[in-house]
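Note that the chains are named A, B, C, D and E in the order they appear, and that numbering of residues resets to 1 at the start of each chain.
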Amino acid sequence: MIYQGKQKIWSDYQKEIPDNHWFYVRSCIRQSFFPASERYFMKICRDLLGKDIYETEHHTTCGGIAYHSDTIPQETAMTIVARQFALMKEAGYKNLVTSCITSFGNYTEILETWREFPELEARIRENLWKACRREFDKPEYLAHASDLVYKFRHEIASKAKYNLVDHMTGEPLRVVEHIGCHYSKMFPHKGVGGAEYPCVLSGMVDSWGGQVIDYPERRHCCGFGFRQYLVKANRGYSIANTHKKFESMEPYHPDMIITNCPGCPYFLDRWQYVISEMEGKTYGRNGYGIPVFTYEEVAGLVLGFDPWDLGLQLHQVAVEPLLEKMGIPYNPKTKYLGLNGKEIMKPGLPTVLKCC
Amino acid sequence: MKDNIVIVGGGIAGMEAARQLLLLGYKPILVEKSDHLGGHVADWHCLFPDMTPAQQVVKDLTEQIKDANIFLETEVSFINKMKMGYNVMFSNGVNVICKAILLATGFDLFDASKKEEYGYGIYDQVMTNKDLEHWFNTGDDKRITGKDIKKIGFVHCVGSRDVKAGNQQCSKVCCITAIKQAMEMKERFPDAEVYCFYMDLRLFGKKYEDFYIKAQMESGVHFIRGRVSEVSENLQGQVIVKTEDTLSGKPAKITLDLLVLMAGIVCNREAVQTASMVQVPIDSDGFLKSRDNILNIIETDSKGVFLAGTATGAKTIPETAAEARAVALAIHNYLVSQQ
Amino acid sequence: MMEFGFSISPSSTMNLDKVDFSLYERLCEIEPDAKKCMACGSCSATCTAGQWTGMSVRKVLLDIQRGKEAEAARLLKGCMLCGKCTMVCPRGINTRHLILSLCRIYGEDEK
Amino acid sequence: MGKLYDELSEDYRIKEGLKTCINCGTCTAICPAAEFYRYDPRKIVDTVQRKDDAEIEALLKSDTIWYCGECMSCVTRCPRKNGAGLVIMALRNLSIKKGYFTESEKGRQIYPLTKALNGNVLNLGYCVHPLTFSYSDHPESGPVFEWVLKNKEEVYGRLGANYRKEGPGALRRIPQEDLDELKAIYDVTGGTERLELVEKYSHAKAEEMGMTDEEYLKYTFEYCSDKHFNNEG
Amino acid sequence: MIDRFASGFDPFVIPFLIGMIFVLGYCIIGAIRLILQLDAEDKKKFFLSLITPKTIWKNIKDLFLNCLIHVKLWKRNKLLGYMHSSIAFGWFMLILLGHIECFVYMPHRVKLFYYPIFFNYFVAENEYTLRGAIFFFLMDFFLLVVLSGIVLAIIKRVRSRLFGMRRTTRPTLLDRVGLYSLWMIFPLRLLAESFTAHISGGSFLTIPMNMMFKAFLGDQMNMLPTWWAYSICLCIFMCVLPFTRYMHIPAEMLLIPFRNAGLTIKHARRGFAKAQVYSCPNCGVCIDACPMSIKKANIKDTTVYLNRNIRRRNEQRIEEISDKCLLCGKCTAVCQVGVDGPQMRIAQRSIRNYGLDQDYSGMDISAIKESVASEPSKDKVLYFAGCMTQLTPAISRAMESIFRKAGVDYAFMDKDGGLCCGRPILMAGRFDQARQLIHKNKEVIKASGAGTLVLSCPICYKIFREHYKLEGIRVMHHTEYMLELVRAGRLKLDGGAGSIVYHDPCELGRGCGIYEQPREVLRQTGELVEAEANRDMAICCGGSLGSLTLGFDKREDLTRNALHNLTVNDPDTIVTACPLCKSTFARYADKPVEDIAETVDKHTK
C-alpha cells in the first residue's frame, strides 16, 4: 500500500466546509441507539470549540428510511426535506449539517436532482406551500456531522487527553473505518476524500494517533439495506454482508471500528453478537468482539469524557478491553446505572460473546 | 520563409510526415517537447501483430529524417497568424515564419491513478501497460523483478469508454495490447495463470484475431467478460479484483500477484493549448477537431493548419503512418496552390 | 443458542482463486479447440434442445471453465446431439464431439 | 416502446439513473445483493433499456426488484453514469403504483414496511423510534437493547436525551403542529394516497391468501422461502 | 484304376491332415460360438431361415455367386473378378472333382478325406483309359484356371491399378505367409501331379510336363518330395488361415446365412458383427470408396482397418476409426462381402462408457402438441422440417409454398422449433436416448392426426422410416411426396431450370434407396445431367453428422472432391435433397446449390 497515492487522491477531494453557524438535523436511528453521540457532537462543537450549532424542536425525520424502503413517493420525501430547509431559513441559517448519513445522502441527492431538473424543485416549492405555507431556501453548504469533526480533528487532537494508542506499548491502535454508503458513493465529490478512499474518518484516526487498516472489503456495505433489515424475513442478507466484512478484516486484528453512519455501528456491533450466537465465532481477542464506535464516541473518548456518559454501555460488544488498552479509566459499577445514578436491573449476557 | 513547414510533435505521425515531406523536397522543422523522437512508441518494447521491436521502428524513422530541422526539448511558445502564414515562436527562442503547420501532437496516456478504484499508485502490485513495456525494455520494476508471479490480470478499458474518467471513446489499441502483453507475460512466466478482464474485444486490425486465437489456444489466457469494478489489497500485498463474470451473471473475485491496467488514449492536454493558438477547437470526443471526419480528417478549418495521428483520436501505428503520408501530400498540394 | 428467525445468507460470489480447472483441462486435452470459444452464443441461439431443456453449449463450456461441474452436467443432460451448434460455430469448434467427450469424462473420476 | 416504459421514464430516478447501459457488470461486481440474492442489477438495467413491456411487467411482478438494498454502491462505478439502484427505486415505485408488488413474496413486504415506517413518521415524526421497536421483532438487538427498551426513561435520560419531552434534543416529543404538517405533506404529495394503495392491494392479497390483515402482516414480515439465494452450482 | 498302395496312405499326407483338422475344428467351433452369441430372437430367426426353403435357396445362390463366382467383383472389374473366381471356383472344382473321382473310382477310400486331395498320388492309371481321361482333363483344366488366377494375383501384387484398385491394405506377416503358401499350393500341385502323371495319369498339362521333367531330370526322385511340399503348403495355408485375411473364406459362408436370416448388429463385437469382421477379406476396396480417403491421413480410418483392429482388439484405434467415419455407407455399397461399415461403427460407439446420459423425461412438449393437434384425417399432411432445415429456411419455405400451390392441408410440426428426430444421437451410438426422442416425437405426430408425414431431411427420414413404426401413417421424404404430387397432376412443372446435376444424399440414397424419385421430378424441371459417380456410388458431401471427430477444417477437401465429382458435366445448378448437403456444398461451390424443393417451387407453373 502506497500511502502517498492516497494522499494525492485526498487532495483531489477537499470539500469546502464553513467552520461556523450550522443548522443541525438529527438522525432517527442514532438517537435511538446512540443518543449520547449526538449530544456529544453538540457538546464538543459548542462547548469545546465554541461553534454555533442550532437545533429546532420542530424539525422531523427527513423520511429517508421510509423513502429508501420505497414506502413513500419521491415527492413526499423531497417535500419533507424542503420543510427542513424552510425551518433552516426561518431560523436564519444557511449551512445545514446532518447527523444521519441517509439524510445526508437524501439531501444531497435531492439538491442534485433539483439542480438537474429545476421544474421538480418548483413543484416541491408549490407542494410545501400548499401543505405547510412555508418557503425554503436551499442550503449554501451541506455537511455531514462527521465532516465537521473531520474539519476540527486537529483542534480536538490538541485538546486530547488520550490517544488512539496502546498506552502500554505506545503502538498505534489498529482502526478499521467504515463509511456509510450514502456518504459519498453516489456523489464522490460531496464526501471528504471521495468515494474510493474517503478520508473523513481516516483523517480523524490519523490525527488522534491511530493507524488505519485498509482491508479488502473496506468499501463494502454493512448490509442494512433498509427493507433488508427492517423486514425480519430479509435479515439473512443484512448479517451476511457484515459477516463478509468481518471475515475480511479478521486477519488484520483490528482493535476497533469507527463509523460515521447511523445504522452501521449498530449492525457491526449487533451482528457480531448474532454471529457469535449462530456460529460461535467472535472476532476480537479472548472471546470479545471488536468494539464499534461512532466518530463522536471516539472523539469523546480521546477528549477524556466518561465512557458511560458517552453511552458505550449501549454497545453489545464490550468496550472495556479497549479502554484498558488506551489507558482510559472507567468505573464498572456505574456502567448500567439509570438516571441520576439510580440502580436499575442489568442487561442479560450473551451466550458466546464475552461481555463485562 | 517560402516553403517553411512546422511539424509540432516528434512521434510517429510527425516523423513519418517529415520523412514524406523530405522526399517531396521540403525541409520541415520538427519540434518535440521531450528529449527524444518517437513519442510513446519509443517507450514501447514490441509492436503487434508481428512483434516488431519498437526501437527499430523509431530508429529507422529517425535515420530517414536526419535532414530535417529537428528541435528536441522544444515547445511552441506562441503562434501569430500573418497574412500569408504563421509566425511561430519556439521555447528555445527560435522564431519561424511558415506557411503550413502540422499538429502531430499525439496523445496522453490516461493517468491510471484517476481510476481510483483500481488503486494505481496505491496498491503495490498494480501497474500500467506502459510500466510493463518499460519492464520488458529494462527488466527493472520492483513489482515484477524478483517476485513470484503466479497470477496476472489485465484490465481493459482503463480510462476508455468511461464517462466518469472523462473519456467516452474506445482507445482501439488496448485490447490487442492487452492480448500481446498477456502472451508476452505467459512466455516469461509459463506457470502463471493470465486473465484478461474485458467488456468487448475489439480486434479489428490486421491479424488481431489471429493473436486472440493464439492467446486462447497456445497461451491459455483466460478471458473474463466483465469490467473490473474494484481492486483491493490483501495482507500479503496481492490485489483482489472484483468483477462480474457477466457471461455467468455472477459477481466474481480473484486474487492476483500483478494487475496491469490498459491505460487508454486521451487527448494531449498541452496540444489543446497549441491548437487554440491556431484556432483549432476540440471536437466533441475530446480530440482536436478536423474539418470533417470522413474525408478531411487531416485538415482543419484554419488555413494552413493540418492534423495527423492520434491528435484527432486513438489510432494504431499503421493508421497514424498512413495519415502522416496523406498529410504530407495535403501540405504539398496546399503549398503548391498558394504559389 | 438464540433463535433469530433468519440465518446468514450464503454467498454466490465466484471465487476464481478456488476454481477447479481439472475437468476443463481434461477436456482441452481431448478437445483443444474448446479453448477457442469466444462465447458468441451462436451455438445456444441455434440449439434445438435449448428451448426445451435449457441446453446451451456456451454455458456448458463456461461452467466447465468456472469449475461448476454439476451445473454443466444438468445442461448436458438436455443435449439432443443434433449437431447444429457445430455447424454454426464461427470458430469451427466440434461442439458435438466436445459434448460427447464431456459426457464421457464425467464418468472418469469414478473409475 | 411500451406503456410501462413510458410511465417508468416519467420517474426522475430513471432520468437520472438510466442513460445507456453497456452491460459491463461493474455494478453487479460490487453489489451486495448480487452476492447474496438471485439478483443481477446489470440484467435489470438491461431489461429496462430494452423497453419491452412484457419483460418490464414480469420484472415488476417478480421478487427480483426487491432484493436491492439501495446502498447505491453501483452508482460509484458505472462508466456510463447510470445508477442501477435508482432504476430499481423507480421500478419499485411503479410496481407499487400498479399493485404488482403483491405478486411476489418480497414485494408483499411493502405492507409491513409501509405500516411500520409511515406509522412512525406520521405519529412520532421519526422513521424509527424505541417506542415502536419491539424486542420480539428484533431479537438481534441483543440483551443490551432489551435492557434499554425496558428502561427507556432511565437509560435515555441518563444519556442526556430529551426523551418524549418538549423542546429540542434527542428523542424529544415532536410538537403536534409539526406532525400535522407532515400529514399535510403526505396528503399533498401522494404519500397518503400511496399508503391507501398499499393497504388496498395488500388487503386484497390477504383475502386471496385466506388471511386476516394481521396474519398477513406477520406472515409477510417473517416468511422467507429458500428460492432467493444465488449460490447453486 | 487301382490303388497304388494297399494301405492307401503315405506319411506326406500328415501335414495336410493336421492343417485340415485344425482349420475345420477352428471354423466349426468359431461358427458355433458366433451362433451362440446371437440373442434369442436372432437365434430363432437364424434357425428358422435354415429350414425355410426360400432362404435355403437364397443361401445356396448367394454362396455360389458370392463365394465362388464373386459376381460383385466382376461388376467392378473383370480382371479382378476373373482373378478371384478363377482361384475360388477353380479350387472348388478341383476339390469337387477330386471327390467325384474318388467316389466313382475308389469308393472304399471315400472316408479318407485326404484321399481325394492327393488322388493322383494314390492311384495308378493309364491316361489312355477312357474312364479317367475326362476327369484328368477337367482336373488339369481347372488347375490351369486356378494357376491363371494365381498369375493374375501375382501381377496384382505389383500393379493393383490394372485391377481398378488404387489403394489396398498392406498384408501382415501372417497374411504374407498365407498368401505365399496359397500361391505355392497350385504350382506345387502341378509339379507333384506332373511327376506322378506317368503312373496315375494326367492330361494336357501334367503329361507334357511329366515328359519334359523326364527329359531334363531323368529320374523320379522328385516325386515324393513334391507331394510332401504340396501337402506342407496346404498345411501352412490352413494353419495360418484363421489368423489371416483368408479367414473371410469360411467366415463369409456363415455371414451369408446370417444376413439372409435378417439379422442386424446387436452387439459391437459378438455374433453378426463378429461374422462381418471375419468376413472382411482386407481387399481394401473400401479405401478407394471412402470419401475421406482423398486425404492420406484418413486412409487408415476406413472399414477394412476397423475390422482389422477389431480382430487385434486395439481399442484406441477402434474408437478413432469408429468416431471419424461419416457413415455415408459407400464402403458397404462396394464391399464384396457386405460388411456394413456404418452399422459396425455405430455399434462400436454404442458400447462406450458415458458418465453422463442424456435424459429428456422431464421435457414438456405440450406446446408443440397443441400447435399441431387436430382431428385424424387421411389427407392431412404433417411436415417436419428437422433441425438441419432450420438452418436452411429456404427449404421449408419452398415446401410450404409447394404445399400451398398443390392445395395440401398441412401442419408444420416444427415451425417454432421442434425436437430432434433422434437420428444424430442414434448415430452417436446412444440408443436409449434416441428412443426417448422417438417416443416424444411420436406423441406429437399421433396428436396431429395426419395421414402422411413429410420430411425434408434425409437424416430424419431414415430414422422415421426405420425406427418410428408409425402405424397408419405414410412416412415420405419430400422428394417422394413431390413426385406423388407431380404424378397426380397437383403440381405442374415448367422444365425451365436449365441443366441440373442431382446429388444423392447418403442417407436418402444408400440409406433409404431413394434414387429415382428425385430424378423423375427433376427431369420435368430441367435437363438432368449425372455426376461422375452417382446413385449408390455418390460421394458424401463431407458435412455428415455421422462423423463425430472430423473437424470443420478437415472436411473442406472432402466437400471440394464431392463437388468436383458433381460438376464434371458442367451443370448450371447443383440440386440435392438434404439440407446438410446443401449448406455444406454452398460453402465451397461456385455454382448455385439448391434443395430439390426450391428448384421445384421455382419451376412450378
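Keep in mind that, in the parts below, contacts are C-beta pairs under 8 Å (C-beta built on N, C-alpha and C of every residue); 3 or more make two chains touch, one makes a residue touch a chain.
The shown structure was predicted, so the numbers you read here are calculated from the model rather than taken from an experiment.
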The chains touching both subunit C and subunit E are none
Which one of the chains is closest to the middle, using the mean of its C-alpha atoms?
C
Report the chain whose CA-based centre is farthest from the CA-based centre of subunit A.
E
Mind checking the centre-to-centre distance between subunit B and subunit C? Centres are C-alpha means, answer in whole Å.
39
Whole-Å gap between the CA centroids of subunit A and subunit E
87
If you average the CA atoms of subunit C and of subunit D, how many Å lie between those two points?
38
Express in whole angstrom the distance between the two chain centres, defined as the mean CA positions of subunit B and subunit E.
67
Can you pull out the residues of subunit A that are in contact with at least two other chains?
195-196, 219, 232-237, 239-240, 244, 274
Mind pulling the residue numbers of subunit E that touch at least two other chains?
none
When you check subunit C against every other chain, which residues touch at least two of them?
2, 4-6, 9-13, 33, 63
Touching pairs of chains, all of them, please.
A-B, A-C, A-D, B-C, B-D, C-D, C-E
Would you tell me which residues of subunit A are touching subunit C in their complex?
232-237, 239-240, 243-244, 274-275, 277-279, 351
If we count contacts the way the header does, which residues on subunit C are in touch with subunit A in the complex?
1-2, 4-11
Footprint of subunit B on subunit A - complex, ascending
1-2, 4-6, 8-9, 194-197, 214-219, 251-252
Spell out the residues on subunit D that touch subunit A in their complex, using ranges where they run on.
11-13, 15-16, 30, 32-33, 35-37, 66-73, 75-76, 83, 89, 92-93, 96, 106, 109-110, 112-114, 116-118, 120-121, 125-130, 133, 137, 140-148, 150-151, 153-161, 166-172, 174-175, 177-179, 181-182, 184-191, 194-195, 198, 220-224
So in the complex, which bits of subunit B are touching subunit D?
117, 157, 161-165, 199, 225-230, 242-246, 249-252
